[in-house]
Amino acid sequence: MLIYLRKRIVSSALPLVVVIVGVFALARMTGNPASLYLPLNATQQMRDDFTARNGLDQPLLVQMADYFGGVLRLDFGQSLRTGQDAAAMALRAFPATLQLAATTMVLAVLLALVVGCWAALKPNGIADRISSFVSMAAASIPDFWLAIVGIWVFAITLGWLPTSGVSGAGAWVLPIATLLLRPFGVLVQIVRGSMVSALSEPYIKLARSRGAGELRVVTHHALRNAAAPALTVAGDLTVGLVNGAVVVETIFGWPGIGKLMIDSILQRDFAVLQAAVLLTAVAIFALNILIDMGYALLDARVRPVTVKA
Amino acid sequence: MTSSSKSPFPAALLKWPALASVAVLGLSGCSVANSDAGAASSNTVRVVLGQEPPTLEACESNLTSTGVVVRSNVTEPLIERNPTSGELEPKLATEWKATTDTEWTLKLREGVTFQDGTPFNAEAAAFTIERAVNSKLGCNVEGYVFGDADLAVKAVDATTLTVTTPEPDPILPLRLSFLEVVPTSTSTTAKVREPIGTGPYKIEKWDAGQKITLSSWDGYWGDKPAYAKAEYQWRSESSVRAAMITSGEADVAMGLSPDDNIGDLGVDYPNNETVALRLDANEAPLNDLRVRQAVNYALDKEGIVNSLYQGKHQVAAQLVPEGIVGHNAALKAWPFDLDKAKSLVADAKADGVDTSAQISLVVRSAQFPKITELAQVLQEQLSQAGLNVKLKMLETSQHLTYQVRPFSDDEGAVALMTQHGNQAGDAAFTVDQYMLSTGAQSYFGTPEFDAMIKKADAASGDERKKDFEDIFAYQNDKVVQFAHISHQTGIIGKAKSVKYTPNSSSGDELRVSEMTPAN
Amino acid sequence: MKSSLTEGAAPEKLPAAREHQNEKKDEKQVGQLSLFRLLLKDRFATVSALILIIIGLTALVGPALMGDLATKQNLLFANKAPFTLAHGWEYFLGSDSLGRSMLARLVVASRTTLSVALPAVAVALVVGSLWGVWAGYHRGWRENVSMRIADVIMSFPSLLLAVVVLYVFSPSAANIVLILALTRIPIYLRTARAESAELQSRTFVDAARTFGAKPNAIILRHVIPVVLPTLLTLATLEFCYVMLAESSLSFLGIGIQPPDVSWGLMVSQGRQYLQTAWWLSIFPGVAIVVTTIAANVLAAWLRIATDPAQRWRLALPRKRLIARIPAKEAQP
């Protein structure tokens, strides 16, 4: 396992470099930030000064070499917008998104397992129809719309929750509920699908014939096999959350990496953008490795069961 | 075999994500969750802005998002413009006068100290001007207010300062009102995110991404403000800002939209912003004066103001609203006359102007409330007049490539929607940029028009006023680079517990000391 | 290392031999029922199919019929409430903030929405699947490189891509398609790779190989048919995702731009009127939800209907079906 882990980490290094080179090049295709940071009536001289001061007049390859030189010394450059250290800004924003994503995914997986199993007990039954309808509807509502309606209903009309912000436990409810729906909806479909298949496998019949209770059959036998695809999809969805919580962060004023990223893209704050992308990319690569390892573990435990059945 | 399997597998499976999330929450030190909930004490005023200030650097405080927090709260200028009367009033300078054509002498207030305990004197004032205007820092205020001109400053004695300009500058005191004074200990090589000033509040804490707290400073030279603390948060959705007022999470909310439905918690104020189309006369069909006039006739300004903005905006006849020196009260907005517009376009066509050439209507998304709707209305109305208009909604940076020089010349005709706010109170700040033939935001001009502008810039008093009034009239008669739409009205949300009357500069300089508890 | 990446993939994993056995059994049970008659037996699937056909037809012919109506403004007639025929049938769903007919706008938007979502899904599906199957079949370095490329795309901020494309090119539906397709390729790539990697060690693939079949022929004839149902189900889920992603881009100001109109853009623009004119954002939102659910229901049905091992479920009368399942499973 350790050898495998080392191999994966080594083989992830090159893609990371590719990500950074890609972001670096693409960001610079979005134009010179000078006019965003200078007054509207800035002279050409001021523009040239700005461009030179920030090294943007150098050829792209020279800029890139400089940047990688800096990265090796752990110097990720300065934000054009705030004048702060870019890496510090990214590191400060990251935990907020991570907390949000982790909590959301744990809840989504738990809920989806319960609902998905319940639905799979009687395929095409009432419970199945209702749960798949609800979960599909949940997965297809635009998140920003849901967030604004949520604020309107729960914060203004009912007054149960704060509208936004990060103070207190109540502030977590609306962002998580908004983020939760899509992963939940997708996972329910997946758990249900695998459970239906798993429940018709011969080893389940064997278990039933030995007098195992229904609940035990579901939780101890079928769920094991059904868990594998759910885990993978949950992994993909988590990657999506880490990368895409931007809408929720924007609306609720959540100081996370998604908001930081979109702000630095729109403000052409290249150093911050690069630091933020590098950080999320590392996190996503780590997550992928974890998922694969989890999968290998799961597989090792599941396999004997299926083979012997 | 299977049923005798011992390991309770699902439980083990579920443990992973649970453990992982616990670890994550633990490791990150709950940096998000532990900020104190609801500090709604009666001596704190809570303000919600549209965006986090990028910095609080004093020499960038002409930027709206920075100035709204720092100006007149943390730092103060030498001279201050009264946004209601338009008059200049003493602040850290008590009096000023022009001693020669190019030299101004300022008398400074005594007994003022900075928040770090050092005294305010002529040396600090001179340092501030040197740092903002003459240094290599690249301060935003330098380009915005002073252009290329360097100023010569001299501290004559502790309370006397002279400022010399390379050219005669009748509005130097007004320009100086943009400079927020900082102590000599401020860095000259780097911008300072949390400045020290002489204002009634000092920066207590900046939780990056979450909140800025100001607390009142005991050593302030003026009256102690009513609120001991001011808390700033930011939300980019205006409906969320409005909701925070309704739910009691904030006391003052900036930049609301008429559709946020905040009822009597919303307070209207003229925000000095004017919306207009800027027409590029270098390309067909806008190179023909009649087509540019047709654009003006084709726009139903009354209809737009009444239906999109609930009658709160005012139909505009020029780029500056009332209250700005040089505003021409006699100018009437172009009437809405579709038939006349059509016939003007037809006339131009008959004379060989290619009126079917495409005009790009360039608009910046989310620049102000309902801009998307406005853009679609303009497109429709111009099409009605027989013009071929293509709407282009762009993000800020892209929009800037159209807004300021150098303009791209492979775009065809461009009608650019511009929102201009003259926060200085003098038409020179508008006209130099928008109407000089070389102005940063001007497509074209004429030599005689340029001469009129140069003359007005150097004039003072009533003559100056008259000269600028003539300029606005001349633009509407002879030049027609602009199709004016409306003078805007801003809305701030205000909780019942706070007494505050917004004015035309509230969006750029929100004075917490003017707020008082209502009971 | 891994078996199946997506939901309900188990049937595809059945060894080929068993599949054939089941097929024979099913043929007897199902008889000569055509797919169409099977469809009519399932009410939900029938309704879904009808809805999709209507939406498809609307997108096809609607803009030609209602295009002018959708852009006709009347500022004095803004934000009129829906569900009344007082202003004529055009305004049955109310009017928007510029006095345009909501009905006509929804109809016109359906074409933009579908012409973004369908090509985006199709391109990502075709490219991602073929690539993934190829990588999984050959294993080795081809697999490794492909997976690392997938990692790169997945960890790349799609928002940046959107801004770049919008900046360098102009904001058009085609560019949104490009962005969405590119960023969603890894989803199919990973799934197809995993399935195909598993299949290539199976006996029937082995057999084909020993008989001297070329790799591409094996992929085409033996691997793709087995992997396809999983990928198609995934594609229907993605269809929903892509519509929502387009909507989110609109929210952030970097998606479809007016005067073009899509359901996502309508929801995004309508959100500011939530308290004064709810129908501006609710109707397009409902359109997205209904389309997605219909597509998913039909896909779920199609998946069962085309799967020989499961088709019997659909052939049974409803009552019996429900009674039958526990019975069958309780007495093996």
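Each chain carries a letter (A, B and C) given by its place in the written order, and its residues are counted from 1.
One rule holds for everything that comes next: contacts are C-beta pairs under 8 Å (C-beta built on N, C-alpha and C of every residue); 3 or more make two chains touch, one makes a residue touch a chain.
All values reported here derive from a predicted model rather than from experimental measurement.
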Distance-to-centre winner among chains (Cα means, whole assembly as reference): A
A-C or B-C - the one linked by more C-beta pairs in contact: A-C
Furthest chain, CA centroid comparison against subunit B: C
Rounded Å distance between subunit A and subunit B, as computed from the means of their C-alpha atoms: 36
Between subunit B and subunit C, centroid-to-centroid distance (C-alpha), Å: 45
Distance between the centres, which are taken as Cα means, of subunit C and subunit A, whole angstrom: 21
Subunit A, residues touching no fewer than two other chains: 30-31, 148, 152, 206, 250, 266
Sites on subunit B at which at least two other chains make contact: 239, 395, 397-398
Residues of subunit C whose C-beta touches two or more other chains: 163, 167, 271, 274-275
Residues on subunit B engaged by subunit C in the complex (per definition of touch): 238-239, 257, 259-261, 300, 303-304, 306-308, 365-366, 369-370, 372-373, 375-377, 379-380, 391-395, 397-398
Residue ranges of subunit C in contact with subunit B within the complex: 71, 73, 75-76, 78, 97-99, 163, 166-167, 170-171, 253-254, 257-259, 269, 271-276
Footprint of subunit B on subunit A - complex, ascending: 30-31, 33, 35-46, 49-50, 53, 81-84, 89, 92-93, 95-96, 98-99, 102-103, 105-106, 109-110, 113, 148, 151-152, 155-156, 159, 162-169, 172, 203, 206-207, 210, 212, 216, 219-221, 223-224, 227, 231, 234, 250-255, 259-260, 266-268, 294, 298, 301, 305, 308-309
Subunit C-touching residues of subunit A, taken from the complex the two chains share: 11-12, 14-15, 18-19, 22-23, 26-27, 29-31, 122-125, 129, 132-133, 136-137, 139-145, 148-149, 152, 182, 186, 189-194, 196-202, 204-206, 208-209, 225, 228-229, 232-233, 236, 239, 243-244, 246-247, 250, 261-262, 265-266, 273, 277, 280-281, 284-285, 288, 292, 295-296, 299
Touching residues on subunit C, where the partner in the complex is subunit A: 1-11, 44, 144, 148-149, 151-152, 154-161, 163-164, 167-168, 187, 190, 194, 233, 237, 240-241, 243-244, 247-248, 251-252, 264, 267-268, 271, 274-275, 281, 285, 288-289, 291-293, 296-297, 300, 313, 321-322, 325-326, 329-330, 332
